[in-house]
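Can you read through this structure? Questions will come right after.
Chain lettering (A, B and C) follows the sequence in which the chains are written, and residue indices restart at 1 in each chain.
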Amino acid sequence: MSVALAAMLAKIGLWVAVLLAVTPVMAWVERRGSAMIQDRLGPNRVGPLGLLQALADAVKFLFKEDLTPSAADKPLYYLAPALAVVPALTTFVVLPFGPEIEVGGETVKLLVADVESGVLLFLALASLGVYTLVLAGYSSNNKYSLLGSVRAAAQMISYELALTLSVVAALVPVGSFRLDEVVLYQVEGTWLGFLPHWNVFPQFLGFLIFLVAAFAETNRLPFDLPEAESELVAGYHTEYSSMKFALFFMGEYMAMATLSALAATLFFGGWHFPGIDYTGHWAIVALKGFSVLFAKVAAFMLLFVWVRWTFPRFRFDQLLRLGWKVLLPLAILNLVVIAALTIGGVL
Amino acid sequence: MANYLPILVFILVAVLFLAASLIAARLLRDAGMGRTNREPYECGNEPETLALDHRFSIRYYLIAVLFVIFDVETVFLFPWAVMFDQLALFGFIEMMIFIAILVVGYIYVWKRGALNWA
Amino acid sequence: MIDPTEFWLLAPEIFLAVAAMLLLVAGSIGRGVRNRPAAAVALLSLVATALLVLWAYGKGGSSEAFLAGMFVLDSYALFLKLLLLIATGLTVTISGRFLEEGGYRPGEYYSLILFAATGMLFMVSGYSLLSIWISLELMALSSYILAGYFKRERKSNEAALKYFILGALSSGVLLYGISLLYGATGTVHVGELAARLGDLVSTGEQPILIAVGWLLLAIGLYFKVAAAPFHVWTPDVYVGAPTPVTAFLASASKIASFAILIRILFEALPALKADWQLITALVACISMIWGNLAALTQDNVKRMLAYSSIGHAGYILIGVLCASEEGLWAVLFYLLAYAFITLGAFGTVIILEQREYAGETYSDYAGLARRSPFLAASMLVFMVALTGIPPTGGFFGKFYLFAAAVEAGWIWVALVGVLTSAISLFFYFGIVVQMYLKPSEDTTPRPMPAVGLASTIAICAIVTVLLGLVPGPLVELAKASLIPLP
């Protein structure tokens, strides 16, 4: 087996294993975290500190009755949960988790797919998440689902503009779509002598826009009107039960992880942390890089949970107003300013 | 082309996991009660009309169309952003004019109220 | 790389586009602008654009394409640009009343007209198939919205929708033809395309790709000029659109579409001359026959004028297919005359319309000679000109066109033209009969007291008669504005 093939399988295996573990861990973090914020106990019966709660949930999902509404459009109904999980998982192929390493004489890049169109592929796959909502709502043949899904779709596409524009602005000083080059740009040098050369410092506005848009893209509070229980029962996944519902649930956490990872890579230097030495045996380097990246992703996920249980919910018209009248002009302004600074040689 | 192979493998692995979980659920689950709970959920009432018979507000369509316009603008901004240094000042000014024309359209849309609760 | 100073040659278009954008923004703030100021701004920008056209031509007008071969500013483009600006200006003057009566927003209307005019200016100086196509789209998209400008009238919405669907389809067909020709030759630049097509045709390579390519290209263009059998959109759109917009479509839009048809056929496809001459001849004959025969049975004046414009497209195509100097300057002369006649005729229809769609049936003209002799006389002039009777510009236009056809050897086409002109006498003079020989009733609409509108009609009538009495200077002007023949 050649080095390249082994490396590819190892990378894929690593990512899949870690990502599949995200959902159970996040479920626990969400429930204990929300409990802490709300000054109550949270799950503490199943295993020490309630850590096996997610396992219990998984078992429950496996054994639950699977209701399929009689008037549902079956092919689309089954397709929607699949689309929730697969694209969100696949976006991780272009994320680098370490510098280039030497394995058995060959250089191996620590990202699964070394394609020219890195970020574009990422955004394209992430945009497939809208289909999930639309197909789920449409195929359920339920008024709540339909309305919820149309609202969710409107919300997602409105914020996708601001998201994409802030990503474009982050690419301007780098000059390439490839995320490993974006990270390499952020490795060298410092801002003002002591800050790491991460994109968040000059492009703080861009980062804020990205963050807000990320909250809206994943349908997380304060933008979770499409799945708000007091409004639309459960929105687009009203008619789903058992494993398919679990897949939606998983898809939502995957999307959160996806955008957190992109934020970490574009704005916070990805696998790089000042002070850590990325030389030595290839396994150590890969491990260091991956841990740093994952620590950043975890920090963002914690932020997601924290914000969810702190803020009230946006009304739909407030939500659209924010997306179209505030974020979009700010994103364009951000792009123009960053481009001007880059022309001027500052960035 | 070889660079895209890992993506395919990744997708296959994801689909494999998906299939495994769905098959496991199907094998392990309860048989179910039958026809009564197959009707669309409407908080206890019986639904009188099909969901798809209802018309949508045209404001959703407006949002979608506006999204398409600005997304096409973004598509044009992508290659400019990555070829930025080679296009230098001339490209920068050209792109600023492009963005300005789109901003004119944006101002028109805003002022005419198309963005109010869309 | 492109030399940035070459952009000065596009100054008129840039100016007009900026004016249109400013008008758009001004029209959307608060209650928008009112009709008179907006019309004044539009007219002033058109005048300024015309001056800029002359300045730009003086600065660097030549047959050399600039801006990486995308545009050219030769005398053909100069003639057509000035003509288009005049036609647009006249459209602006006849639009005011309509907007005021209907209560529709003027700011966006004039802005759209200016955008369409910008597209047309770009079109006539386009020297790359793609720049021609994009500017065609600019004109077309503005026209689609303009056709549906009367939002509260169902006919207008229907017209806009039909125009949009069929127009988008034809633009797609046109683009597909361009892409097939690009596939065969590897270029979209008009000059280079001619050279490479010449090589390919002489060696006989890629016959199917070239044939299908140019055929689709031609079909898309025939649609835009409303030539039968690609004319299905014309009657419904002309009837449903607000009448000033119809006048705009029938005059300026047609001129620009013919301009690019000629440019592409003469300068990009000279190698296929034999093919496109035959096809154009067939299309011309079908247009003349179908347009004139269908107009015979119409009761609605706008619909009759629509079918008559299809017939006139046929006459103009006769000049195109000759592929000779006489044919080309005859076409330019006829386009000029036709613009004034059309604008005047539709202006008369507008001045009779008191609610949005009055003044459309033949009976609405009954007894006009007694109620308003000036209007009746102008309408008589326009109808006579459209039929092709001296001493009007229409007569000389048709005369030169048929003479060119005979000289080029296409006698049967000229014969069809003469016969259909004779047939057209019946439906044009139907209006004249109503005006002069029938008594008016209480329910027939009275003309509105609109000075701007009336003076525009007067100007058109005077120009039409002048062209019939002294065509010489304009013929010389047309002869100086030719492009290389195939």
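Rule of thumb we're sticking to: a residue touches a chain if its C-beta (ideal position, glycine included) is under 8 Å from a C-beta of that chain, and two chains touch if they have at least 3 such contacts.
None of the values given here were measured: they were computed from a predicted structure.
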Per the definition of touch at the top, where is the C-beta contact count highest among chain pairs? A-B
With centres defined as the mean of Cα atoms, the chain at greatest distance from chain A is chain C
Identity of the most central chain, Cα criterion: B
Find the geometric centre of each of chain B and chain C from their Cα atoms only, then give the gap between the two centres in Å, rounded to an integer. 41
Using the average of all C-alpha atoms in each chain as its centre, how far is it in Å between chain A and chain B? 15
From the C-alpha centre of chain A to that of chain C, how far is it in Å? 54
Which residues of chain C touch chain B in the complex? 1-2, 4, 21, 24-25, 28-29
For the complex, which residues does chain B have touching chain C? 90, 101, 104, 107-108, 111-112
Chain B contact footprint on chain A (complex, rising order): 8-9, 11-12, 15-16, 20, 61-71, 82, 85-86, 89-90, 92-93, 112-115, 120-121, 138, 140-146, 150, 153-154, 157-158, 160-161, 164-165, 168-169, 171-172, 174-177, 233, 238-239, 242-244, 246-247, 316-317, 320-321, 324-325, 328-329, 332, 335-336, 339-340, 342-343
Residues of chain B touching chain A in the complex: 3-7, 9-11, 13-15, 17-18, 21-22, 24-26, 28-33, 35, 37-43, 47, 50-52, 54, 56, 60, 63-64, 66-67, 70-71, 74, 77-78, 81-85, 88-89, 92, 95-96, 99, 103, 106, 110, 115-118
